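The structure is given below, and queries will be raised subsequently.
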Amino acid sequence: MSEHHEHHIASAKQLWGIGIALLILTVLTVTVAGLGLPSPFDILTAMAIALTKAFLVAAFFMGLYWDTKFNSMLLIGALAFFILMVSITLLDTLYRDDIVPSF
Amino acid sequence: MANHSATHPKHVHHHFVDSNQQFESAKLGMWVFLVNEILFFGGLFCAYIIFRAWYPELFTQAALELNTFWGAVNTVVLIGSSLTVAMAIRSAQNNQKRGLEINLLITILLACVFLVIKYFEYEHKLHLGIAPGSFWNPTPEIAAVLDHPKANIFFGIYYMMTGVHGLHVIVGIGLMIWLYIRARKGHFNSEYYTPVEITGLYWHLVDLIWIFLFPLLYLIE
Amino acid sequence: MANVSTSANSAASTPMKLKVKQFQPAQTPTNTYLTDEKGVWAWLTTVDHKKIGLMYLGSVAFFFALAGFLAIALRTELWTPAKTFIEADTYNQLFTLHGAMMVFFVLVPSIPAALGNFILPMQLGAKDVAFPRLNLASFYIYVFGAIFTFLSLANNGFDTGWTFYTPYSSDTNSAGIIWVTLGVFILGFSSILTGTNFITTIHKLRAPGISWDRLPLNVWALYATSIIQVLATPVLAITILLLAMENILDIGIFDPALGGDPVLYQHFFWFYSHPAVYIMIVPGFGIISEVITTFSKKTIFGYWAIALSSLAIAFIGFLVWGHHMFTSGQSAVATTIFSFLTFLVGIPTGIKIFNWVATLYRGSISMKTPMLYVFIFIFLFSIGGFTGIMLGALSVDIHLHDTYYVVAHFHYVMMGGTLIALLAGLHYWWPKMTGKMYNEPLAKIAAGFIFIGFNVTFLPQFIMGAQGMPRRYYNYIDQFTPFHQTSTIGSYILALGFLIILYYLAHSLFKGKKAGPNPWNSRGLEWQSTSPPDFHNFSHTPVVIHGPYDYHQPIEEFQLGLAVEHGHGEKYLAADATGSEAAETTSA
Amino acid sequence: MGRLFDFMLPENKSPLTADSTDGLFHFINEASLVLFLGVVLAMIYFAIRYKRKSEDDKTPVITHNNTLEITWSVIPLLITFVVFGWGYSGWLNLKTVPDDAYEIHVTGFKWNWSVNYENGAQTINEIHVPKGTPIKLVMQSRDVLHSFFVPEYRVKHDVLPNRYTYVWFQAEEAGESQVFCTEYCGTSHSNMLAKVIVHEPDDFKTWLDENGGTPSGSPVEQGEKLVSLQGCQTCHSVDGSDLIGPSFKGIWGRDRNLADGSSVTVDENYIRESILYPGEKIAEGYQNVMTPYEGRISDEEITNIIEYLKTID
């Protein structure tokens, strides 16, 4: 904790670089979707690309890369609780045993 | 408190010790609020995942009705607006009043472009009878392609997700206009640009949500 | 005063030097928050956390009285097995309203938004919460939520139960349901904003010397609560929004007639509503820790066990929502896992109780009213906890689910827990808030009425629940009549207790004896201000050199009036989480 | 038998499903009682023993004790493991229907239980079963969520509109047991009661044979039986008293005022429409709460009901 805290100022070059990277990734994800990969892989690549884009936005546009760790923890924590919500609900919805009456 | 306020810059509220404490608090507060936004959209994503796990064939079928091209254009538009918001913050940090105003204006413009495109997408679907809930009344041609008893649910989820996201875009536009007016009045400088910073965080989150909505809704055929 | 330095964590990296000044702490208030600005308008537009806290307290008391009155009406209707004085539809609307109001308007905001708003910044030595205007906004959002809920009554009302289960709630053609969902949706944001505000305040606005290991346990509890509020409430918002859309537009996600799944609604609902019970009870734990140390005059036993168990409860509380759904038709895998995790959440709660009792050991125990409520709390809440274990056990829950056993259980936890803790806190901080003492003998009599009335009301409900009496029943079969009648009599005794409280608190406002700054000789920071507190809580930014439970230190050391000297590294240590500092004092 | 908390539980009439539950219920109650008394007595003892003598009392600094913390975390944890295991095994038993169970279909709807047997026999709010045989109820709902609960068998399960759920039990004595609906379902939720009637095996066979087969009798008789089996009388009285819906008494041929202000004569077409699409014409002063019967009832059955309604004056 210095007496005079300096806020990080991203350079214009950095910001444009991230912007262009995001653009390229968007083109990439559309192209890959056009290829028609077999079932689990299409969604996996789409999500991998989306996560990469999200990482770029969060780390550089939102400045988490230069920010206090606690703010990153908040973001990761939110995602963790979202994953908890989905996965535990799936434990129900994917494993229901429907019985059919016999007469 | 008289002696206290003497050392305070004008923008620092009385209960903060200095500008930095106020800035850090505002930013932390915004991040906590974003956590809440993520969980808010999380509910919709959860519904999406559950129904997709139940009816994968429905989702691939129904996604055909969504226009990938315009979805992609909208993705680019939002990414562009995120970039301009980041540039706006940079301008404020560097005391560039003009740059701040221009960047905010471009952001507002891009956000409006997003909404216009979204409007035409909705319009087209409603025209085909692919409407939410009780207005669900697809034309025979659509019904022939969308031959699934739960097709209404996919579009229920679609309208909820994009609709709630659209509302966030509208709120964002309002905030940007407010920032623009304050920027014109010269309220922001390198010492005080907290509102620009935290509105920027909000706007990036709106972008983040769309980054996931786009592949999940449009890219699954 | 020569050098006053703290020994805590002396091994930490670079201790921070602070220039500290000493003031003569004021004994009698000059410009209190009550006298600073006067008039209704000043109150309604205030951003002062203390006034907002009191406005919340007033609103919560109002809704509690209203919902309590409904409860009395319900209990009276249940005097006979058939119709006593109201129709079935009215009864169904009343119990729904009772539940919804008690949960959303009373229990959720009661401790955090009312007492927490008042006390939290004072315990941190801050002048206000981090975002005072947001704080006022969340109060008005709360009021708007309430108005919408009342508008629903003017639009046919709603009779779905506070849980709004689909498809009953989505199929019922009543405009009332749309209004109330809107109301609850709006109300959620009030809760979220309060949580956001508290988390930021606790992180960024702590006075010099309040390191994480000197945080009062009440603050730890509010911190855990705020985390739950921020993580869970948005899911309620989206659930309620989906439900409203289901009702208005028939979007079909939850309605089986349209291809949706009603059990999915229950998952969404309980993902919020189970953690929400911890939003209600965890702040109560905080109050108990404060009161029990003050009236035992003793260091809290197991500070970290109590602090961390709050966080553990907050976390595990998110993993157990499915125990409300054991009979709902969810999958066997989910049911098994939910049941297992449910028991894990009982452990940190047990740890708290044991630590509190251990704090009493070799203390100097004074049975003032707040302490009396702590004892009542431990008694009632333990019963609530043990019956919770009963309901977590799979096979037994199948029998007890949706019976009066469950009703009794959550009243023991929510009323015997949260509300009794609220009463403890209210009596404890009343002198601080108003500067007046209440009538101690009357307060004890009222506590007696409440304790007896409560048990007479709800103990029979355990028995008739286990016997098979289902909840939300307007008529019932004859064999349950004696239990219902006992319960009804108990509810009257309970109501009487609350009336007595109302009387002597109102009386104390006008005729009460003046309370000094620290009538209980507490070591808490909030007691080092005047009663009622200064407009800015403390006349100067305080510097803290002892923990809030350091009863082994002479009380004089807490009343030194240490404050940051201006222009000499005047800086909160909030961001400095190492918790080490050396305070150098210069006499003033 | 003879446990401390016996007074809390209703009679156990299906030991195969109830025994494990009851055992665990007693175990938790007794273990809780011991712990509860421990906590409360310790608390009261301390309050008396360490009563404040003066404001200057000195108290020792006891900050923590890790051994104690671990003890009072681990022991309750172990107890709860036992409780979990016990509850889990009992619940598995409740879920595992014996292979030779006798199946009966139960349909819940606002606010009745309709019961169907293998030979076409049908009852309303009465479930006839033989004693000493495992019974499996296959349940579904026609409208909202309900829940089927027999306290004396310790069984309960929600009844859903979009899938089948089931419970099983085996009654060991002839007699009656109370059935409750435990999922809130609207106005008459608390009247959605039924009885399980347990017969001696031979009596059950006789009962089933007498009530099975195709419906017989005159149209009026068949109509009357249908009205009773469909539970119409829960909402529509035949003696003129006012329930949730209009009474059937003297309804035929009368003019009826509707909620929208118009009026209509009660004739064949109005009754038919009101059964199939009850939301179309709501009688003045009543709510639209009836479940549509479209697809659930044949034209012949409607005709029989109409014939019966003509006779109620």
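So that you can tell them apart, the chains are marked A, B, C and D in the order they are listed, and the count of residues begins at 1 in each.
We adopt the following convention: a residue touches a chain if its C-beta (ideal position, glycine included) is under 8 Å from a C-beta of that chain, and two chains touch if they have at least 3 such contacts.
Just so it is clear, the structure is predicted and the values come from calculations on it, not from any experiment.
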Pair of chains with maximal C-beta contact number: C-D
Most central chain, Cα average position: C
CA centroid of chain B to CA centroid of chain D, Å: 47
Chain centre separation (chain C, chain D; CA means) in Å: 35
Euclidean distance of C-alpha centroids - chain A vs chain B, Å: 15
Chain A and chain D, separation of their C-alpha mean positions in angstrom: 46
Multi-partner residues of chain C (each touching 2 or more other chains): 203, 231, 235, 261, 263-264, 329, 332, 575
Interface hub residues of chain A, defined as touching at least two other chains: 70, 77-78, 81, 85, 89, 93-94, 96
Sites on chain D at which at least two other chains make contact: 163
Chain A partner contacts - residues on chain B that touch it in the complex: 20, 23-24, 27-28, 31-32, 34-35, 38-39, 42-43, 45-46, 49-50, 53-54, 56, 68, 72, 75-76, 79-80, 82-83, 85-87, 90, 93-94, 200-201, 204-205, 207-208, 211-212, 214-216, 219-221
Residues of chain A defined as touching chain C within the complex: 1, 70, 77-78, 81, 84-85, 88-89, 91-97
In the complex, chain C residues that touch chain B: 126-128, 130-132, 134, 192, 195-197, 199-200, 203-205, 230-235, 237-239, 241-242, 245-246, 248-253, 258-261, 264, 268, 536, 541, 566-567, 570-572, 574-575
Chain B residues within the chain C interface of the complex: 1, 3-4, 7, 13-18, 21, 24-26, 28-29, 32-33, 35-44, 46-47, 50-51, 132-135, 149-150, 152-153, 156-157, 159-160, 164
Chain C contact footprint on chain D (complex, rising order): 7-10, 20-21, 24-25, 28-29, 32, 35-36, 39-40, 42-44, 46-47, 50-53, 55, 57-65, 68-69, 72-73, 76-77, 80-81, 83-84, 86-91, 93-95, 143-145, 147, 149, 151-152, 154-158, 160-163, 165, 178, 180-191, 193, 288
